[in-house]
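Below: the structure, in structure tokens.
A, B, C and D label the chains in the order they appear, each numbered from 1.
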């Protein structure tokens, strides 16, 4: 199998390449970029030694054509046009938001402009979702926050242990914002400081979380979501709480999460008493989580750690692509974090 | 006025000294320590150049006696014995937890052992509290998290705009854990990683938050509190949300916070649209906060940033001591953060 | 005295304002900016609460005129034109490079373009320099690296204990590069990573170091200088070594440094055995240094820590301005670092 | 092949396990520890999901016996006794210092106590060394700093382009100090700060560098070495300079380094103009380096980046073990860094 990567000079593109470099079933084909087209990859991804001399081509149907799989790591709104030109037989894995939402009104409210459509959602751990990804030729890779929050909350909702009124506060590393040159992303600003942004229900990932969780809960789910920027490059740590249903016990809660994690290679319920740290999952496709019942406050509390670039973007993309290509789901995906 | 500092080799002690070194109304007297007694301060606080040669004495009634004010920055449980020996005329400012809680049962549940009593609570911004601190000879300095959370939430509860069912997720710098030598506090562990701890209603600061907020709300308040350790030395960023009361508007919410911050020198409501970052308050006694109404989720969301060692400990201690000593409340307390 | 600050939205400008806010002898007047003119200071320096509502004016002779002192924190090459228009009676303190070098050829080689001239050099600790700064109306503030390296090396050269062939490797925080929006300054790039830049004698601060040290040594001095970008916002730690002259002893070396630091309020020779860390000087105008004789390698080794924005830029500027204005040299300048 | 790891709860042990978990030719056998024996690995290495439930045994000849290869990641001085008991047929790879030095006097001066002996030195890139490692049953893994400095400097000395009088200043991440619980290694102390230590020719890695370089140069080599602790968990960036021999050109220098890197899988000479950052090599067995001729100062300047735990310890250990076991040298060793 040969893969092309569009947006190879960005952070998502770089992580896709890092994973594919040690993927035994996928060979790296064309690399394309936007304004960086015409330069060498090594100028942008100096950590990828074997690809340093590879040129970045223009992102066109010609350069991306002729591959078995095309990974799109493009700014929002650019995927539909490319996808149309590539034809129905190419597996297209879109790391952008364009095809994630099912509700056009939600798309318009949060992203603006016309809704491009909906593709199979690349989160195999979501009940029933794995089957939908086998043999598809189109995959919408989840957002990084929705990946974390959905994996953290769905077991409690699926088991009817929590009310569908979820409060999420999540810290992310700065790579989640990409390589965009904005003053608040400068090292001088972010080091030694945690800051809030997108507060008050305004973050674009909110409807995606609600959509995923509603599908599991079988009823509408409200998410109050507050993201924070933390002084680290990678990682998301999300704290998710919801009112416990009457009579819920700590044992029932743990059982529900054990069941959910049971056969999932990348969902890791930590031993009781151990709480997630993003370092556990740095560079890995693993989600590490832990659950507690706060009996005083009457709430279920779930904390989850993922690497926003791996399980939250590029790893999730490769995992779903493996399914669609008929390869073993875990192929080429690291289980272990790089720590300390 | 002369001040003695017990626990001068720790982080709270160091911050007290940094503030007192530029305080025009308080002179630094005896410095004492526990296991570090007999060494020089410069070995432990090398950033305090003018005090580098000062010896650390044993923490006893003799070494602490004869000062106008004694700041205690001791491990929990050691303050009562010292306080008794110093007599009623010395102003004692306890940065520990011993005298914060009013409910002996809450003390026993969260700290264990016998409750030592309750002293006037050193948070002048709390309605009515400023007057109680004038001329007192005993002050219980609030915990760092309760300082942040109380300042963030009390205006909404006092104005009846939010229900008394609060969810708090707060990131702290590592200095909040003190200088204790534990593996999870090593630089190698904390850099590049955010982790959760004290989840599920188990953190000791929870009853203190509830006590403060219940006094303002005039009814019991439940706090679901989840702390996180962030890769920075200083700072707390707390996200606090509670259900909005029916009919609450964004305007009413902002007005309530403007009113609360109006005459408070250290409570800074940011301009609309600007959200707090801990760097805004690094080394300062300022709390920077912002509020929003999440109309989709029906929740009030408040985010607040403080420096855990300054407003959250030593600055709060000096602010309250100023009141008790009849000095201007703001004397010697920095308003501006050190940034970037 | 009233001061205007040109370039108030940048890092050097922000640090000048932070210092002046607690300076009892200088009042803050006009604030000007380049492309940020027309916005409020609070959007760029949110840590400076009392100035948040102050407007940023255009940088012109009109807005800067009528002040006793004008601090220029502008890009290289813009100071001469402004200075001419402000007239000879205004104290102008230039934080840029334009007037630091005496040798036009060195200027042209390292900066390009025509040499603007030479102003009295704002490093009062340099032998004989303090007197030159009293009553001057023009001050060229040293570069951050030259401040560190000159203070570290001049005592050994002045005492004839080291040969004039100096090797310097220095780590700097990212604020040294200012707020320029370049990919390698993004938080994602700098956190968790140390990198080299300006290697091989190409860094513009090299001739400034050589100029300072040659004046002290009375002979030409060669500096091999390698800077590194470290994952912190502030601070320079410079390691400076030079061949020891024959017969030099560790005692003679320490004596030379004790003599040099003796009456200098901001030059702090650490006790034997303690080595500098940048945290000792964070936010302070202090330089902390230590010296050793490596007898195996036959070299003098000096390590020095400063805050690049304080002693290395804005603090040095205020210190020299104090002298020129007839104020006490130490007025308004913090001695103590903010740590941990 | 089955491998036992002694010292599995430490940082070197953890990195060995991370590498071996994806090594197709070596299976992980017994894991042992010192004071952590009796606990589960997951308590100490939570990033290694598949091994979380593995017990830590006592470090004895019994638990380590019966494996093809034993990796020792023990405190200095403990390897000899274990090695004796394991017998001559087991491949023993010692990550400690015990068997690195050839000169007993240097050992006694820098480490104290009796010299244990000398084992083949595990740096295959050193001229002639690769052959010595094939089929050996004993390997002394180089120290992290000597790995970086030797790889950086040997090409210039081997080609006669630099004088044997080397000045090295190197920044390291905190994991180089291991998990020892010391105040200066706390996150609160190291974040936001660079500090110097082991200055003046006192660091134990100095004689090891000199030994390696003298062997290549064919004459004694002096190294003036100054290490710095940088606010990152992993990585070494070393700046190495030495006087250029008369007549040396930049072209000749680059040629010498191209020749040295030519067939070395883990030695990566960057394209001209690109300088190393530790992020390029994070988690990888690669050394990234660049060389320049400073014509003004007459010095060769080489900057190199490695991951202290990978190429600097565990990766170097596995690379040499591969050779000794007759496996492909690169087997199981990552080439690409995890970035950003």
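Everything below uses one rule, namely that a residue touches a chain if its C-beta (ideal position, glycine included) is under 8 Å from a C-beta of that chain, and two chains touch if they have at least 3 such contacts.
Model, not experiment: these values are computed from the prediction.
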item: Most distant chain from subunit C, judged by the mean position of its C-alpha atoms; value: A
item: Result of counting contacting C-beta pairs for B-C and C-D, higher pair; value: C-D
item: Length of the line joining the C-alpha centres of subunit B and subunit C, rounded to whole Å; value: 35
item: Gap in Å, rounded to a whole number, between the CA centres of subunit C and subunit A; value: 44
item: In subunit B, residues with contacts to at least two other chains; value: 11, 175, 186, 188-189, 191-192, 231-234, 277, 279, 282, 339-340
item: Category of the chain touch graph - line, ring, star, complete, other; value: complete
item: Residues of subunit C that touch subunit A when the two form their complex; value: 11, 173-175, 177, 179, 181-183, 185-192, 231-233
item: Sites on subunit D touched by subunit A in the complex; value: 11, 14, 18, 21-22, 42-43, 45-50, 52, 175, 191-192, 233-234, 268, 270-271, 274, 277, 279-284, 286, 288, 334-340
item: For the subunit A and subunit B complex, residues of the former touching the latter; value: 165, 167, 169, 171, 186, 188-189, 191-197, 199-201, 206, 222-224, 226, 228, 230-235, 237, 239, 241, 275-279, 282, 290, 292-299, 301, 303, 305, 339-340
